[in-house]
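In structure tokens below, several structures.
In the two assemblies presented below, subunit A is common to both, partnered first by subunit B and then by subunit C.
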Partner chain A sequence: MAAQPAIEARQLRKTYTTTRGIFRRERVERAALRGVDLKIAPGELFGLLGPNGAGKTTMVKIFTTLLLPSSGSALVLGLDAVKEQWALRKRIGFVFGGERGLYWRLSGIDNLRYFADLYRIPPDVSRRRISELLERLDLSGRERDRVELYSRGMKQRLHLARGLLNDPEVLFLDEPTIGLDPVGARELRVIVRELADAGKTVFLTTHYMFEADAICDRIAVIRDGAIVAEGTPSSIKTVVRDQGIVEFEVVGMPVERLAGLRRLPGVTSVAISEHELAQVVTVHCARPAEVMTQLGVILDGINLEKVSSREPTLEDAYVQLIGDSQ
Partner chain B sequence: MSRPGAASSHVVYGVLGGGLIGYWSVAYLDGGNGIQEERWNGTLEQIFATPTRLWVILLGKITGGLLFGLLAFLPTAAIAYLGFHAVLPNLDPGRFAISLGILTFSFFCIALTLTPLFALWRWAFSMLNGFELGVYILCGFMFPVAVLAPWAQGVAALLAPTWAVRALYASTLSGGPRDFVVWWLATIGLSLAYLAGAYFLYALVERKARISGQLALA
Partner chain C sequence: MKRLALEAAVFGRSTYLQYVALFQWANPQGYVAYKVLLPVTQILFFVELGVYATGPQNALYFALGNALQLTANAGIFGVIATVANERQYGTLPILLASPANRMVTFLSRAIVNVIDGIATVVVGLAIVVVLFGLNLQHANLLLLAICVVVISLTTAGLGLMFGSIGLVMRDAIIIANIVYYLLLIVCGINFPVSRLPGAVQVLSFALPLTRGVQAARDAAAGASLGQVSGLLAGELLVGLSWALAGYLLFRLLENWARRGGLQEAY
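Presenting the complex of A and B:
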């Protein structure tokens, strides 16, 4: 990476300190980031994946100057997010997922005008930009309605419009599609991809593997405040390259039967999830065909349904990387 | 109460006291409530992360609160005035207006100083009512500060509105001390001292908020 990175973290650490108790106050420390190193090139669409509490939002908040790290450095566009926050805030945008973060009793256009003022955008520029953003994000015609009348998808598009008001060079998106219906989420992903194609650097956190797989140039997986894998989606999948996945559904299977599956040669992990009344069992293994033949023996007397074998996905790689912390 | 045309001090306190309480209540609570509302809306972080300083954003909110407070003062005072069938024969309109303007400035400075605390410490919001009521008593909104215990008078002397309120009442009554310039200067001086403290307080709040991450609801 020859050019100056758009976003860079060097040994970034954040520990939250709180106290509990009234008379004997006790300090409680929780490490959210444990020495993260990261470099993101200009114009890259970078995805950060991880379970709840892994440190994704903490990292976004440090880069967007909302939080101070405990140690290490966070640079965005070469500016120190700790000390040069005023210069940095003019050049970045951010969007947090969910419906909050907007003034519901104001109209969409008034929300945008207010934030345009806070970003000190000259009135003639803000008028033009707001009009363009309303058009581009399909909010034209409803801009004078109160935000409380907007659908969730419209609110999220308004969030994105607010994040783009200052025409930022770097855009931070923290789970922007959370809670959106599939169509709304897909529309938002298309817009995000277009922004990256137009040259903006995008830092996206998400829970959805297919989302990261579909639009990100590069991704990192974070677990317990540390990066455990980093690369392109296809390179991340190589974690499970030599593996296949066997999946099947059963009803009322005793848990001890899983031990038999785990003992089979080549099996690296067995995960079980509930799906209505059934249990869906996912087996990561080196030789799927052998596992499928052994299933009947190990699960003798149990009604097996929907037995299938498939190629590993990014989600499988993620599950493998995150392991038991999920 | 007194007959019309011969307003005594307790009538004047009755006429103006209600209006002053309404004014202070709206002006002061608006700032604290405003911050709490921003937190609940999830907009506190959004505005904090813009290139505009927090005090500038709050300045606009507090000015709006003062305007609403002033709108509360005028009708409240008018209703009390009409309700008591009282007149203020000794009203000095010029000094009254100046005193009200300086009182407004002191309210503005207190609100600007205290409001960032609500951004930083959620528990500060629960102290809101206590301070609001304390100011009613200590600053002599409803009765003269002279009737308070000596220690309370000492605390009252450190509160800028005390002196402006004294000037406001004196501008409606005949007799008694008439040290308007001293009272006005005391109000302005104390208010400016609050502002000086606020300068450091804002820097502290902005730093603490970035360490603790307490701007978000959860």
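Presenting the complex of A and C:
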């Protein structure tokens, strides 16, 4: 780790306070971040993984100066995201996933011109950079079309172009591939990897394991506002090194029938996901062979299909870290 | 000098782009409907109502007042809608996380709407001339034009004040409606301010339009600049005060939104 991290969180906490009720107002507090410590080196492509509501976007908002933490500190390029926001804003870029955040009635190039003006980029620099970004992000030829005519992938590439207008040293990407088709998502991942290879520090949030596995130098897993694992993708996989995975498909099985599986010795988690008409059950356990022999007893009367045992992946490690999930 | 010209060019371009991006009646049909049909309807409604209540001799009073009040269409609705639309399009966080100068951003929200407000009043006055035979033969036209510019500036000042609330409130357009109709009631548009209760008169003179509309009525009747300069100075002062209060509120609410992460709620 270099002397000064590009991004650093020290005991970062954020609690949202809302009120509910009309006549009897009641204050409700929800902790989104619970004392996060994090250090990211310059030039690193860092992935933050976690389920919805785990605190990923909250962390990005704090680092990008949009949100104040309840306590702790958030530093980017050595600048305090709370107190030195004006100096910091010039040196970072950020992209939120989804289609919002662009002016749909303007053309792609006018969107970029407007945002370049917001960053007070000199006109000659802005002209050159916009042209380069349009070319690099494969938007040339369509730059004069209104954004409302763009595909989702084009909008997301325009988002990225916007985030790169000020040539930021640190780029925050909050679920940038969400909603993209596989080809569009892969193209975006390649671009993001290239940006990191070119020396930019990239902070990427995602809940796609393969995405993190494919492009990130280092990842952290966040659950309920706390970091539960941090390291390279291969070091994260060691969480489930001594474990195996048993998977099988069933149709129309009541979820309560899984309780017996969870009680088996060596079983650490049981996850169920819907796959068309079938349910795919994934069992993390220390002794897969033993679990496989017990399946027929515990799920007596249920037609089991495609029963298999395999080595754990990063996704399995993630499921293990996050706990039993749907 | 060259740098200043460059800055002005950038300001002009971003102001124009922002207007096109956020203006909700951007196509020609929508513009005609909003800027011609709506004024005609509003003027007809209040003139008919006024004539029914007070007699035909007052038709021009109602027509002129409502034509001038149309500036609030742009100054109030237009300005408030820019912030409300930023929120709806999800561009507000990008704007607020940028290093853009807040005063420049704040003023650029208003400037095109001021021009639009002037255009709306011109349309309104043309309607009054054609439909109600407003005779401007003895009017001080230059002074009337100055009055129209001044009230367009001052209503936009009030619009900036309430537009700031859009930073933290998702239904700011409701406020635009309330303010618009409040101006119709208390600013001497449809009846003299002197007919209002004393406490409401205090409110009248704390709002833009009241003095400006009176000055415009006087100019239409042939008054000189000297005769209405006090009214115009007061009008400008009121508008400037609202704009300044709006800017301070904008900065205050920007920090408040940072505390609660409210910029994205829509």
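The definition used in the following text is that the second predicted complex is superposed on the first by the 300 of 326 C-alpha atoms of A that agree within 3 Å, B and C clash if a C-alpha of one lies under 4 Å from a C-alpha of the other, contacts with A are read in each partner's own complex, and residues count from 1 in each chain.
Here is the rule we go by: a residue touches a chain if its C-beta (ideal position, glycine included) is under 8 Å from a C-beta of that chain, and two chains touch if they have at least 3 such contacts.
Here the structure is a predicted model, which means the values were calculated and not measured.
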#### Entry: Touched partner set for A:M292, first subunit B, second subunit C, both or neither
neither
### Message
Of the two partners subunit B and subunit C, which one touches more residues belonging to subunit A?
### Response
C
### Query
First (subunit B), second (subunit C), both or neither: which does A:L66 touch?
both
### Query
Thinking of the overlay built on chain A, is A:I302 touched by subunit B (first), by subunit C (second), by both, or by neither?
neither
### Task
Please work out whether A:Y119 is in contact with subunit B alone, subunit C alone, both, or neither, and reply first, second, both or neither.
both
### Task
Please indicate which partner A:I191 is in contact with in the superposed arrangement: first for subunit B, second for subunit C, both, or neither.
neither
### Query
Which partner does A:L106 contact after superposing on A: first (subunit B), second (subunit C), both, neither?
second
### Query
Can you pull the subunit A residues that subunit B and subunit C both touch?
16, 58, 61, 64-68, 86, 89-90, 94, 96, 98, 100-104, 115, 117-120, 162
### Query
Which of the residues in subunit A come into contact with subunit C in the complex?
16-17, 58, 61, 64-68, 86, 89-90, 94, 96, 98, 100-106, 110, 113-115, 117-120, 123, 162
#### Entry: Interfacial residue positions of subunit B with respect to subunit A in the complex
41-43, 45-52, 57, 207, 210-213, 215, 217
#### Entry: Footprint of subunit A on subunit C - complex, ascending
6, 9-10, 13-14, 17-18, 20-22, 26, 89-91, 93-101, 105, 258-261, 263
### Task
Quick one: which bits of subunit A touch subunit B in the complex? Just the residue numbers, please.
16, 58, 61, 64-68, 86, 89-90, 94, 96, 98, 100-104, 115, 117-120, 162
